[in-house]
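We just call them A, B, C and D in the order they show up, numbering each chain from 1.
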Amino acid sequence: MRIGVAGLGKMGSGMARSLIRAGQDLVVWNRSPEPAEELVREGAARARDISEVFEADAVVTMLATDAAIREAILAQGVLERARPGMLHIVSATISVPFAEELARIHQEHGLAYVSAPVMGRPDVAAAGELNVLVAGERGAVERASPILGMFAKKVWPLGEKAPMANIAKLAANFALACAIECMGEACALARRNGLEPEALMELFTGTLFAAPAYKVYGPVIAQQRFEPAGFLLTHGLKDIRQAIEAGELSGVPLAFASVLRDNFIDAMAHGDAEKDWSAIAAVVSRRAGL
Amino acid sequence: MRIGVAGLGKMGSGMARSLIRAGQDLVVWNRSPEPAEELVREGAARARDISEVFEADAVVTMLATDAAIREAILAQGVLERARPGMLHIVSATISVPFAEELARIHQEHGLAYVSAPVMGRPDVAAAGELNVLVAGERGAVERASPILGMFAKKVWPLGEKAPMANIAKLAANFALACAIECMGEACALARRNGLEPEALMELFTGTLFAAPAYKVYGPVIAQQRFEPAGFLLTHGLKDIRQAIEAGELSGVPLAFASVLRDNFIDAMAHGDAEKDWSAIAAVVSRRAGL
Amino acid sequence: MRIGVAGLGKMGSGMARSLIRAGQDLVVWNRSPEPAEELVREGAARARDISEVFEADAVVTMLATDAAIREAILAQGVLERARPGMLHIVSATISVPFAEELARIHQEHGLAYVSAPVMGRPDVAAAGELNVLVAGERGAVERASPILGMFAKKVWPLGEKAPMANIAKLAANFALACAIECMGEACALARRNGLEPEALMELFTGTLFAAPAYKVYGPVIAQQRFEPAGFLLTHGLKDIRQAIEAGELSGVPLAFASVLRDNFIDAMAHGDAEKDWSAIAAVVSRRAGL
Amino acid sequence: MRIGVAGLGKMGSGMARSLIRAGQDLVVWNRSPEPAEELVREGAARARDISEVFEADAVVTMLATDAAIREAILAQGVLERARPGMLHIVSATISVPFAEELARIHQEHGLAYVSAPVMGRPDVAAAGELNVLVAGERGAVERASPILGMFAKKVWPLGEKAPMANIAKLAANFALACAIECMGEACALARRNGLEPEALMELFTGTLFAAPAYKVYGPVIAQQRFEPAGFLLTHGLKDIRQAIEAGELSGVPLAFASVLRDNFIDAMAHGDAEKDWSAIAAVVSRRAGL
């Protein structure tokens, strides 16, 4: 079986590396050539264009946004020329309506589709240790699972409608942002009252909040070191905006998400767009005159 | 050394039990007699009034609110008659300004004072497995620590000013309420989009949020079973109100806490005052027409 | 001078009527034929398609949304075939980025463009008593002003960049929605405390808030009669969403707008989409268990 | 009939002046002597202590806060020594629970009580042009009305329970703060998009918002001149806090009020406590990086 990978940013390259290590016959494509060349040195074949990738049996795409997928795939007629019955796995954090649209279009073209967004950083992807969310028609998920297993520590099946996986991914990123904001407010309260934020974060992560979300971001927030960025603040805003839009479309007012969006905008207005998204935790400190 | 315990609700009784098991000479008092009688059967002495408790070398009080402490201790002149130099450990979740006031009053009376709020449920208290936060003057904390160790899995020292421990406790309860609200919003979004809330909570607690706060409340929220109450919703509102007041006094606008307060009020207005405080997670479901 | 009007909903028809009464040579178009037929009986000429309207010297369009304009005008190549140098007046409440895009496209085609959103209901439009906001290049605004004067009580010039008028219109609708929400909260507080909401609204509109926004909506909210709709709740949500998006694009976190959006979503989830937008005032009543 | 006035701040002195001008036999008291001396020169008698004021047939008190009334009147036993059946008119903006408590205590002492908070600035009080809200038992309101009429342009009866007038006053101040916040957000959006805030405020106050609330504060906010203070920001925070508390007690979540409170705290944290309360409009500008 031949597998294609399109979109070789840090995450996409990491996932491709896991697939090579698993012994797959891989064909790769990226808009700019350098990342593909690197993978060719590690054993992948390089496609002359994105359509060639879609001649594989299955393709994983890790393009950054709805717009990027629309431009690189839909607008180019790639699906019309794809190998009949091939499986398309979209691992980017795309919007819920776009996932619905993609599922429908693939069906119209006789192609299989799953949404399979991932949780984890690039090094985790390269180590094959991601948490992968997956949803789509049963047969498509069954075909996708062994492939996903090559870069996943665990695959989380979330239902037979592809957008379910995207909802879950948005919910997880929303929950992360909530934890960040909560720690930001708690640390500002602590600091203003003479309590060391580090001590508070140790208490949190040593008791009720002994989980990666808090252990990773707690010290970052207590020490206010938001650079270099692990996940860009602008991308965080995009995800929260998509969560709010999904809420609007389905009739769910997300009060915490609205506060988060305002704080993301505040952070952007203060020049933090390129910092780590946990820099939204600085908003409350600034508002508290700290 | 003789230790007194005043306030024998579920938590106070649990802590007293741990002290008895540790072999302490214990004298206890409660406004209503029954809980004291039970502890007498287990080996404690019963004080004829609260002043007798304050003849011990150290007293742990677990009265529910600022007002209860004010009424039972300050208004009765108990501190005026207390054993000179005795140590008073207040383990209730009291407000920050009241902790400051207590620290000052005890100093004026030549008594030692620490704030030592606890994290954990009554059974954890009885098992001696609480997390205990402590702050106060160095000497007082040193005297308190071995006593706290008798009902604590771990003692978390938080500084030389007593209110630091109360700030930390309010921050922890605020963070718990944030996690509850976040899961409530995420589950409503999931449900409205056809994704099983249970599946989402499993994903959360199996990945980034593998911590007690989420493991305890995730299933409760996914299944919407808010009775019986582990922690009363009215008490949750009190703690969030105190966090907001501490924020106001120190100049920190807590945007998440403001959303929480509104949701607590909404829940109360819908008759949920006596349910578990995680019933605030039902607010967003109701707002979403679920 | 010949004037075209495209988009003959209630507002567009009212504005066309004012233009006929002012003695203008009018050519009209609408997607569905009936409204055009009525105006033909009153003296207007009927265009066979929208392109014929754009052969006039000036065109006023009152199509409902960005998407409607995009579809009926941009996608049909109407601007390519328009009379050279003609003036296009867009009176719909469109988004700020789309106003920018329209200004640029018209310039590229050698056409004049102004944004001229209006304030007022259909009967006010037919009476020629609207408040009209206008912005665009100086020459275009000079050409537009006498035309706008035919359906305006007053024309408010807002600058040389077309989107300024759209920002002002979004701000005005945002302010109206704020007044509605404020009265909703105040009336719920009154009702829950035994004070008649009508009495409170009389106090408001008899003292500090003696203005149309409060006089129109105060009694509506006090009596909770949200039907028939003067302005659809779904359209209100669209405008608040556009205000929030304009805020995001320009770096302004609009905290009140975020609350409003959540309440619009709440109202939609309770089946109020087709009611008057002041039905968002019912949200707080419902949350208060009233 | 002899009338007493206690509390001779700017507002109280203005009201006293209107009573003197109306030819009343007036006895006055203030904690610090100067304001009383001025009024004595204008014809008032000066009481040796506050109890002497309560020997009058009716007393108007204009003490700033719940605490000030508690200290100056309740704690001194003034009501115990008051002339039997005398009428006490409390014109300060006090909290709803305290108004309830005052009504009950006066009844227990056989005294008549009305809440009669006022709207207007000191010069309006001195000119006898205030809007006066009044509530209380029918007989008490009937006795109070002619007195209130001496400093009122209009008296607004709000019911037979005294706290109704306080709820209405809190609601009015809440609505004013909402208008301020709304204009602050709208002006920040305008400024960030190149639209003159002054032009926007002219549009507002020339159309839908042609009312004192907007005409007074619109230019202040557009020009960001928050000094000198007409109404102190700290007092504004007190009133919003009381509105929120009244909401909590009666089960009404006031989402706008929660945003306001956070912005008041933000303003205080930036040193604006002594500025006019409209300085909360600067919060969004600061958050927008303006």
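Assume contacts are C-beta pairs under 8 Å (C-beta built on N, C-alpha and C of every residue); 3 or more make two chains touch, one makes a residue touch a chain.
Everything quoted here is computed from the prediction, not taken from an experiment.
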Sort out for me whether C-D or B-C is joined by the greater number of C-beta contact pairs.
C-D
Farthest from subunit A by Cα centre, which chain is it? Let me know.
D
If you average the CA atoms of subunit B and of subunit C, how many Å lie between those two points?
53
Taking each chain's centre as the mean of its CA atoms, how far is subunit B from subunit D in angstrom?
38
Subunit C and subunit D have mean C-alpha positions lying a whole-number Å distance apart equal to 38
So which stretches of subunit A touch two or more other chains?
247, 251-255, 259, 262-263, 266, 269, 287-289
In graph terms, with chains as vertices and touches as edges, which category applies: line, ring, star, complete, or other?
complete
Residues of subunit C defined as touching subunit A within the complex
237, 241, 244, 247-248, 251-255, 258-259, 261-263, 265-266, 268-269
Which part of subunit C faces subunit B closely enough to touch in the complex?
262, 266, 269-271, 283, 287-289
For subunit B, which residues are in contact with subunit A within the complex?
96, 119, 131, 133, 154, 156, 158-159, 161, 163-164, 167-168, 170-172, 174-176, 178-179, 181-183, 185-186, 188-190, 192-196, 199-200, 202-204, 206-214, 243, 246-247, 250-257, 259, 262-263, 284, 287-289
